[in-house]
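The following blocks contain the structures, represented as structure tokens.
Look for subunit A in each of the two complexes below; its partner is subunit B in the first and subunit C in the second.
For the complex of A and B:
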């Protein structure tokens, strides 16, 4: 009897840690079934957008009140790392709801499911950022991924969208299998005693010598699984197609929120759970990071559509961020990655907002479509230039500071070759970002009218541009501010 | 690794037996083929066509629902056995689990996925 009572008390006590997730899941559930037919009839579904925004705002409020601590038998933990990446995911979801309005209205595809899936995916990301157990990492990863598959294939009348969703789903399911197999090997190698990351780390340190190969195979498989999820070379093949075919607001979402959550789990798993066996994963992860920088940037040079270019650029940015995972000083690695990811969120959302604006009703996303934007819509073109230069990491913009702190840490940790590679490839990346700037300012505009800038898109562009410019002024102090992210 | 030698031996023997039986049957069995004999066996009725054909999407819906409720019972049995020990905690946990399943069921019901004609 006392056993069950203790469980019940633990459940009630620990549920304080997950109040934001409870709100997200509860709201999405109510939206899907009982409320959908009652509140808003067919044709009024666009009213779900403000409801979703209210839910997201309340989630943010609840997050402020969540106490730090560990719970659910050590499966979930709220700390600086979890909070930091949860905020990034939340901001990304809010921006996505704003950016989606024009596309959903234009294609008459407003449904409650779209918003509910964003909320469910966000709850998965929240769990993933705080997961401290092999089982909870896997479950939250799946909760997040399944929702994103559905969102990628959301425009079910477009072959491209279906293709994106199916490709993403098949490769994602496959990589989940590899990840799960790797996790089970690690579980066995650690003696099959428990799946908590801290316990795993201790058990692996004391594992008998003959289980070395088991650990190595498990670590490699986990690396492959996570490599797929964050789209790092050579496990990136799904990402350009999925980014290209998915509805553009969802592409913006996919490039930021799930990536932030997966990177958080990456840091947590490799930094705390596998910290003791780092000699097994540092060489392969260095290769993955280097290959992502090189191939992401080189392949981006040859793209003619904006979405594919941003997809490859996102692969390259993941390569940079993985250098932070390589850091043996986990807390500092987490800080610089968080800073980088947060900065990347604003630049990326801003750039995608401009793409969505030019895209209109789903057509015209080639880089040539940016011709003459500097003359037609100077403010928008200026904002786009800020985002692109910041993505390229040109000083003194905000993106430069993200790269600077990351590269500095990598040098301090002794990854000189990798950092040199990162510097060279970010110089290459400046070429394709500047190519778009060139199109905007030095090419003649084609005939025909551009659509007016919608309020929602204008809001996102303004917010992102303001953060990028204001952040630039405070660049040198950013790392101190990010010091609150602890593991 | 020595402990696994027996399993390896078992696997080898298990692989040899069917090969031996097939080879024996190939040489010993009388062969009088005719078209009726060569068709697929489908519970004794005349076969209506190829096995490789498109299935209606409903088939997958039903299959997934069957799977979901089948797995549900896998979780319900241990819960029922340990009902007294788990007390209120068990009821809350199984309640969450059942709610999630039933919610999905009601959702597809409301969506009309179960209306066939």
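For the complex of A and C:
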């Protein structure tokens, strides 16, 4: 009896740490049932969008009140790393809801499930960013992934969307099987007792000599699993297809929020749990990072559709971020990756918002569709140029500072060859970003009128562009600022 | 008690069968089954480790994995059914609209 009471008290005490997730899960569950039929009838489903935005805003408010600390027997921890990446995921979800409106209205596909899945996926990301245990890492990763498989296949009357969902699902499930097997090997090597990351680190340090191979195989499999989740070369094959076929707002979501959460777990798992066996994972991870930079940028050069180009560019950006994971100074690595991911979020959301705007008339998929945008919608074209140049990392834009801090840390940590590779490949990347700028400003526009700019899309573009430009002005102080807020 | 090495050998064979199935078979349903085999290979490891160490952590992990596998299959089957309705096929070789 007293055990049950102690358990209940501990749960109640620790639930303060997860109030945002409780709100997200509770709201999403209530939205699916019973509120869906009661509040809004058929044909009124678009009213779920403002409700979702209110839930997301409340989540943000709750996040401000969450205390730092560890709970649930060390399974979940709220610290600067968790908080920082949770904010990125939250902002990404808010932007996605804004960007989805035009598409969902146009296709008459407004349903409550769409919003509920975004909320469920977001709760998974929140858990993942703070997970400090093999169990919580694996299951929050899967909570996030399963919701996103559904979202990728959301337009079930379109062949391309279904195909994206099936491909993403099959490869995602395959990789999660490998990841789980890797975790089980690490669990055995650590003595089969604890699953906490800090306990795991100690147990692996004391593991007998004959389990070296077990640890190595486990680490390698975990690396493969996480490589799939963040779409790093050579485990990236699903990502261009899934990005291409999924509804474009969901593509924007997939390129930012899940990636942020998975990178956070990546830092946590490799920086804390496997820190002691870093000699096992540093060489393969360096290879993955280098391969992602090279192949992501080279493959992006020969793409003719915007979504695939952005998919390959996001593979390259993941390659840069993995250089931060390689840093032995975990806190500083986490900081520069967070900064990079936050900057990437704004540039990427802005660029996708412009693509979604052009898609209003069934175009915008191909890079040629940007022809003459500079003359017709000069403000929009200017914003797009800012996003693209910033993605390319051209100084003095915000994206440059993200890269600068990251490369500086990599040099300090002694990864000179990787950094050189990163510099060369980011020079290559400028070519395909500038191709789009070239189309916008130096090509004649085709006949026919452009769709009017919707309020929601205009809001996202304005916010992203404002953050990018204001951030540019404060670029040199960003790292210090990130340090002060404790990320 | 069965030795840990024996368990590892069996679970590795299960994993290998699963991976080979995913890579060789072209039927989406069979691929799904092979993924389940991979998850069960890991489960075997968890349960055996729990038995050897005399703690329940591994068993709890395995139970949770079974619950997750059920959820994953539910979503996977729904996706495959949606695919079949649109395209009249469940072969992954036939789904090739997205390329580049």
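Keep in mind that, in the parts below, the second predicted complex is superposed on the first by the 479 of 487 C-alpha atoms of A that agree within 3 Å, B and C clash if a C-alpha of one lies under 4 Å from a C-alpha of the other, contacts with A are read in each partner's own complex, and residues count from 1 in each chain.
The rule is simple: a residue touches a chain if its C-beta (ideal position, glycine included) is under 8 Å from a C-beta of that chain, and two chains touch if they have at least 3 such contacts.
Because the structure is a prediction, the values reported are computed rather than measured.
Enquirer: For A:469, decide between first (touching subunit B), second (touching subunit C), both and neither.
Expert: The answer is neither, since A:469 touches no partner chain.
Enquirer: Using the touch criterion from the header, give the chain among subunit B and subunit C with more contacted residues in subunit A.
Expert: C
Enquirer: Name the contact category of A:240: first (subunit B only), second (subunit C only), both, or neither.
Expert: After superposing on A, A:240 lies in contact with subunit C but is clear of subunit B.
Enquirer: Check whether A:159 is in contact with subunit B, with subunit C, with both or with neither, and answer first, second, both or neither.
Expert: In the superposed model, A:159 contacts subunit C only, not subunit B.
Enquirer: Under the stated touch criterion, which partner chain does A:458 make contact with: subunit B (first), subunit C (second), both, or neither?
Expert: A:458 contacts neither subunit B nor subunit C.
Enquirer: Between subunit B and subunit C, whom does A:142 touch in the aligned arrangement: first, second, both, or neither?
Expert: In the superposition, A:142 touches subunit C alone.
Enquirer: Could you say whether A:29 touches subunit B, subunit C, both of them, or neither, answering first, second, both or neither?
Expert: first
Enquirer: Per the contact definition, I'd like the list of subunit C residues that touch subunit A in the complex.
Expert: Interface residues on subunit C, with respect to subunit A: 4, 8, 11, 15, 18-19, 22, 28, 31-32, 35, 38-39, 41-43, 45-46, 48-50, 52-53, 55, 57-58, 60-61, 64-65, 68, 71-72, 75-76, 79-80, 82-83, 86-87, 92, 95, 97-100.
Enquirer: For the complex, which residues does subunit A have touching subunit B?
Expert: 1, 3-5, 7-8, 11, 29, 32-33, 37
Enquirer: Which of the residues in subunit A come into contact with subunit C in the complex?
Expert: Listed in rising order, the residues are 134-135, 138-139, 142, 146, 149-150, 153, 156-157, 159-160, 162-167, 169-170, 173-174, 176-178, 180-181, 183-185, 187-188, 191-195, 214, 240-241, 244-245, 303-305, 308.
Enquirer: Please give the residue numbers of subunit B that touch subunit A in the complex, ascending.
Expert: Touch residues, subunit B against subunit A: 85-90, 92-93, 103, 106-107, 110.
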